[in-house]
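There are two complexes below, and they share subunit A, which is joined by subunit B in the first and by subunit C in the second.
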Partner chain A sequence: MIFKNFSKSFYSLLNLNFSLLKFSRLNLTLILLALFFCIPVVIVCGSLFFPAKDIWTHLIDTVLTDYIFNSLALLIGVGFFSLLLGVIPAWLVTMYQFPMSRYLEWAILLPMSMPAYIIAYSYTGTFDAAGPVQTMMRELTGWEYNDYWFPEVRSLGGAIAMLSLVLYPYVYLLARASFIEQSICVLEVSRTLGCSAMDAFRRVALPLARPAIIVGLSLVLMETLADYGTVQYFGVSAFTTGIFRTWFGMDNSLVAAQLSAILLLFVVVFLYLERRSRKQLAFHHTSNRYSPLLKQKLKSSSAFFAFVICFAPLLFGFILPASFLGEWAISTYSEALDIDFYILLLNSLSLAFITALLALVIALFLGYMNRNSHLFINRFLVRFISLGYAIPGTVIAVGVLIPFAWFDNRLDEFLTLHFNFSSGLLISGTLFILIFAYLVRFLAVSINTVEAALEKIKPEMDEVAKTAGMSHVNIMRRIHIPIMRGSLLTALLLVFVDVLKELPATLILRPFNFNTLAVRTFELANEERLAEAAVPALAIVIAGIIPVIMISNSISRSRPGYE
Partner chain B sequence: MKKTLTIIIFLIFQQLPNAAEVNVYSARKETLIKPLLDQFTRDTGIEANLVTGKADTFIKRLEIEGKNTPADILLTVDAARLVRAKEKGLFQEVISDVLNKVIPNYFRDIDNHWFGLSFRSRVIVFAPDRVNKGELIDYLDLANSKWKGRICVRSSSNIYNQSLVASMIAHHGINKIEIWASRLVENFARPSKGGDRDQIKAVAIGVCDIALVNNYYLAGMLESSQEYETYAAKKVKLFWPDQNGHGAHVNISGAGVTKYAKNKEEAIQLLEYLVTDKAQQWYSDINYEYAVNPEIKNTAILGKWGVFKYDDLNLSLLGRYNRDAVLLMDRVGWK
Partner chain C sequence: MNNAIEIKELSLSIEGRSILENISFGLGEIGIACLLGPSGCGKTSLLRCIAGFEELNNGEVWIKGVIASKPNHHLPVEQRNIGMVFQDYVLFPHMSVTENIIFGLKDQRVARTKERLDELIELFALEKHTKKYPHQLSGGQQQRVALARAMAPRPGVFC
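Moving on to the complex of A and B:
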């Protein structure tokens, strides 16, 4: 019943699509909804209006250059490798057939289920100077530590490698979806016109896929900026290190927030530059006619190379780290798998599921809001909400806590004054506020995915359907949903996996006696008890695999003409 | 009208009559506090609710939550954070004969706002095949050029290092310590990374010859079920620094009752429980820390390391000089 009502109101929302009302009450409601999710980001940015000169002088004199240099190096490095590891395999599995290509198609996504801090722990535990690999090397050769060179895992380069290995799937995911969508015509025509396969890729497919790839890349870069776990563990002084050092070490949360706000500036400038450069080049599909994609069969050496290129990221981003974890887990699982463990698992899964669902619904509301009206404020708000993805979870958590605790305290005052009744902190200590924080942080993911899907539905389709006498409900059901289904599922599952991995906001905002797999993993790993941390870590990875495979399948099926 | 509203609001917010309970914000990890809380509940019938996290974010949370905070107790693993919480007015005075009797006065706040529950020392571990025990003296000596390229220590973002440097500032003044720290950094074998156990492993395999670590990490590795940890731990030895001077630097894990605690009685009961012989022995046995109660017999491995002289510097000073320590370490390039 409730669902029926809900869907009714949702359909009526779509009416707006066809009305000329520019600023209806509904639109106002949506703007308010959007504003609600902007609050934490506004609080972070608001910090910029408070001066804190002496700390800034200290930072500029001492460590700020380091922070900026390292963060930029991380961005450039992770950006470059994510593109490399994401785009090329996406093209290969879409266009060619080679050994295992059917399996690699989805398996390449698996590293996505691996939280960055966990891959960092597992590589360090194995390849560090004191780890089993180097120890065995020394035993076999009789060398001492100083007698040989071995790449240092815990370094700037190591951090770039770790983050690239778990983040490239975002690029792969979006690039592949875009390649699949491209009408085969453009590609075939380009071949007929004498383009080599390489040219077709470079001059036709890539420019067409660019907007999608950029969306993936910006998600990667924002995650990189917000990462704290990996850089802190690797001793790389990046911007986030600075944020927490200023906050905790110097007891100055104001400057910490200011540093986060500056981090956002990085992102805004990047997004702006990208948009501007894209405006000058306009690419459009020439035809919407699709025919089943005929994959070219690769032979001998080229097949082998294609296989290696696609298998390598999977090997280093998933198979190796997961097997390191597996080996540790063997020695500890019997103690770790108690009743508590299943409660953790249940907590993690239900939080992830609820948040993913809410994020999808909100993203749909906001997406339609943007589609229906071209008011600047709408577009601005949606972009603004997306910034949450670039803010470290801890900072978001405080940005969420401040307004809610304020509200709770005012409510309590009011009730105490007028009714002699104390409500205490009504919302602040509950799961509600934690889920809200997740939404602020991850709405960017679902909004981006939903918007991309909505762009595929041309307004003319609606017009034609309306002329043909279809009701709004029918348009939604028979045109919009079928076109968007794959993307909606992707949006749902991306957030699901992200929440499963999330640590810092969970650590701060969860209620009493409530833990998740990520919290348990962190507590053990932070005490350098890696073997014991392996079981919950592996559980996060395994719980993330299923949705990742589902995402991939839904994309394969999303292509018109798929059989 | 108002009466009806009152009833309605009361019905909405009505909570079941609570059994006795106490709510704990703990910077101590779940595995090292939950068993004690469970035992407390079994012994007293008081429900103990726990949320774990980082001391600094709990302090921020208490500030934001204000007088309606649900927390009754804040538990941290460092004196500097207890001092900070006190300075921000987040604790209240607790008058308890039990606490005052069991805990030596240098392990608790002068105004009875916070109480040490266990303590640990920041010690030097060394590789006996490369370091002559006679070479080791105290913390100040680590700036000596004879240690060039031989020292491992974790990041200065870590509170244990901040508190060590704060104690040095308290003893020797900031100018002297700034010079000391810049020379110390020059002696590092590698840029700071990893945790304390990492530094011990680094000494074991020859990355460096000595390292600064909290003593319970070494004990934990010696008793570990993982062979690679015991293997590394057995290759190093422990040295108590500064035995002819101020004594080895020590720090506490401790707790205070929050200013707006709703369950103050239960909170005090819990603190008193944490200094009972049973709980104190548990700290020694499970986490290889020293009991604040001098009567408690140390667990075997701590006993083997023997009695040592520890620095009885007023722990409030660790809080007072914390910020200076961080700024100083930024200036000398201790990452």
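Moving on to the complex of A and C:
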């Protein structure tokens, strides 16, 4: 009660001071929240004000060009293939019936549950020179290692392929949700005006889905920039490997933070392009009529090609790598499935769920703030919070660890000095700091998805509801949430799976005696114990599959007028 | 077959539920017909059959002397040359008024397209709104754009 009164007084005081700027309590809450979430970003950006000329001269002379070239090549390659693998299957499974299409519509999402570093281990273990494929080839033909050409898995091209295969579901998920939520009437009108089904896709459905596709693509590109496990394992010098090398190899956290700040510049460009195109294409549905989506049945060769187009990403992104892992897991499961394993599983699932839920609640708050307020500062703060997504997990971990460790140490000093009592590591040694780091890292996923969903709700709908006497809470509960349900579940799933797979921040920030599946997999794979890493790796994949199926079904039902 | 539209013993079922049963009528070349009936009686379903959005279980639909629908035969919607204005207009939200109107024009010659566009813009008094997007128009203006868009390709039948 005392705290409540204090909070009220505090807010009143702040409100009084800011009344000239027409700030509300919600604005102030947003500013405080943004300041809190911006701590790691501020620390990373703040590093630019500290000179480190010698090391930069060395970097420019040696590896900086490689970092820039490889990072750009990764962005272009992964972006292109993710669009190709995400958009076309999304359209095919939404609009057509062909063999297995009912299963493929959710199965295409399965690679999402496969961390990029695990698929990289899996393909390398199978296709490199010492792997079973090339060994069998040499045995059958009698060739020696240098007698033939075989695609090099550990290469820039290999990294593009691995990242595309696990990241395209972001584009697929958002494109499919958008295609499903489009009014079927606009497609029917285009048919009466002489458009074939293909023309209707190109001229109507695709432009209408563009905001959602760009959101999906921006998520893919930010994930690509943040990837460390795959590029490190393949020996591709990108910005993230450079940051790690500078940090742990050269023991220079300042320059590592400065490299991260350069990475942020890339992200700022993507965010700007995304926002700009969203603003230009801020479509509202011009029809409120929805008829059940009747899928067209494809015949013979069309059906076969549709099946191949949808099945190929699933085969290479999930079935093959999961089979390789499965084979290794069969040989090691009897030793791996002990009580420690189940503790790892519980730790991972609970962390992922709590973070996803918190991220959704915060994203809804931020999304509504943006929607209901035209203050530039609000939009700026939300964009600033979203930048955390592009920062590598390790950099966020240190950006979080430094201020909290500083706070813990100061508090400990104060208590020891005045009360002869040591508080130890009050915050920095707990799960709080880990969940906070996850939120900083993954909040952008929820924000992007929630904002895309909010853009679909006509402001007039709120006005109609208000004239019917509905409160803001009721408008949200009875109008907004039912319309946005599919997108909200998408936001929940995306963060859940991301946290489940997250590695570097967990590695650094986890409390003592607290481990997760991802960390265990990394530890084993890093020691080249791939067979033993298969069980926890498969557990991550399996845990990720259930929400993938749930979300796919929910998206199908989320379409207004669904029967 | 001198009628613009000829319906013969048309029946339609969707997911096992009978929607229309044994409908027959004909509409002359130059004429306006009005389809009246209580809610849920199947007016929209009948129009959807004529436009080609539904495949028939039984009966025939003839448009301008050409068989458009019968069991195991279905002329695609885009080949029926039917203009339709939907109940709530369904303008393309990502296109301007001009782009909406010329959407269905197949003639690649710019001059012809421009001529038809100007004609319709004048007819529907849309001169001040050509660059606007649907969400910037009033309900009446949206209705006029929807009419202009449906009339632009000079459809043989107008629903």
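One rule holds in what follows: the second predicted complex is superposed on the first by the 524 of 563 C-alpha atoms of A that agree within 3 Å, B and C clash if a C-alpha of one lies under 4 Å from a C-alpha of the other, contacts with A are read in each partner's own complex, and residues count from 1 in each chain.
Following the convention adopted for this analysis, contacts are C-beta pairs under 8 Å (C-beta built on N, C-alpha and C of every residue); 3 or more make two chains touch, one makes a residue touch a chain.
On a predicted model such as this, the values are computed, not experimentally measured, just so you know.
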| item | value |
| --- | --- |
| Subunit A residues touched by each partner, larger count belonging to subunit B or subunit C | B |
| Subunit B versus subunit C as contact partner of A:S101, first or second or both or neither | neither |
| First, second, both or neither for A:S331, with subunit B first and subunit C second | first |
| Which of subunit B and subunit C A:S82 touches, first, second, both or neither | neither |
| First, second, both or neither for A:F244, with subunit B first and subunit C second | first |
| Subunit B versus subunit C as contact partner of A:N70, first or second or both or neither | neither |
| Contacts of A:S190 with subunit B and subunit C, given as first, second, both or neither | second |
| Subunit B and subunit C contact sites that coincide on subunit A, given as residue numbers | none |
| Touching residues (chain side subunit B, partner subunit A) in the complex | 2, 5-6, 9-10, 13, 23, 29-31, 49-54, 56-57, 60-61, 64-70, 84, 155, 157, 159, 162, 191-198, 201-202, 204-207, 217, 225-226, 228, 232, 322-323, 326-327, 330-331, 335 |
| Parts of subunit A lying in touch with subunit C, wherever the complex brings them together | 183, 185-186, 188-196, 203-204, 207-208, 210, 281, 283-289 |
| Subunit C to subunit A touching residues, read off their complex | 51-53, 76-78, 80, 82-84, 86-94, 103-104, 106, 134-135, 142, 149-150, 152-153 |
| Residues of subunit A that touch subunit B when the two form their complex | 58, 61-63, 124, 128-130, 132, 134-135, 138, 144-146, 154, 232-235, 237, 241, 244-245, 247-251, 253, 331, 394, 397-398, 401-402, 405, 408-409, 412, 415, 418-426, 428-429, 507-508, 510-515, 519-520, 523-524, 526-528, 531 |
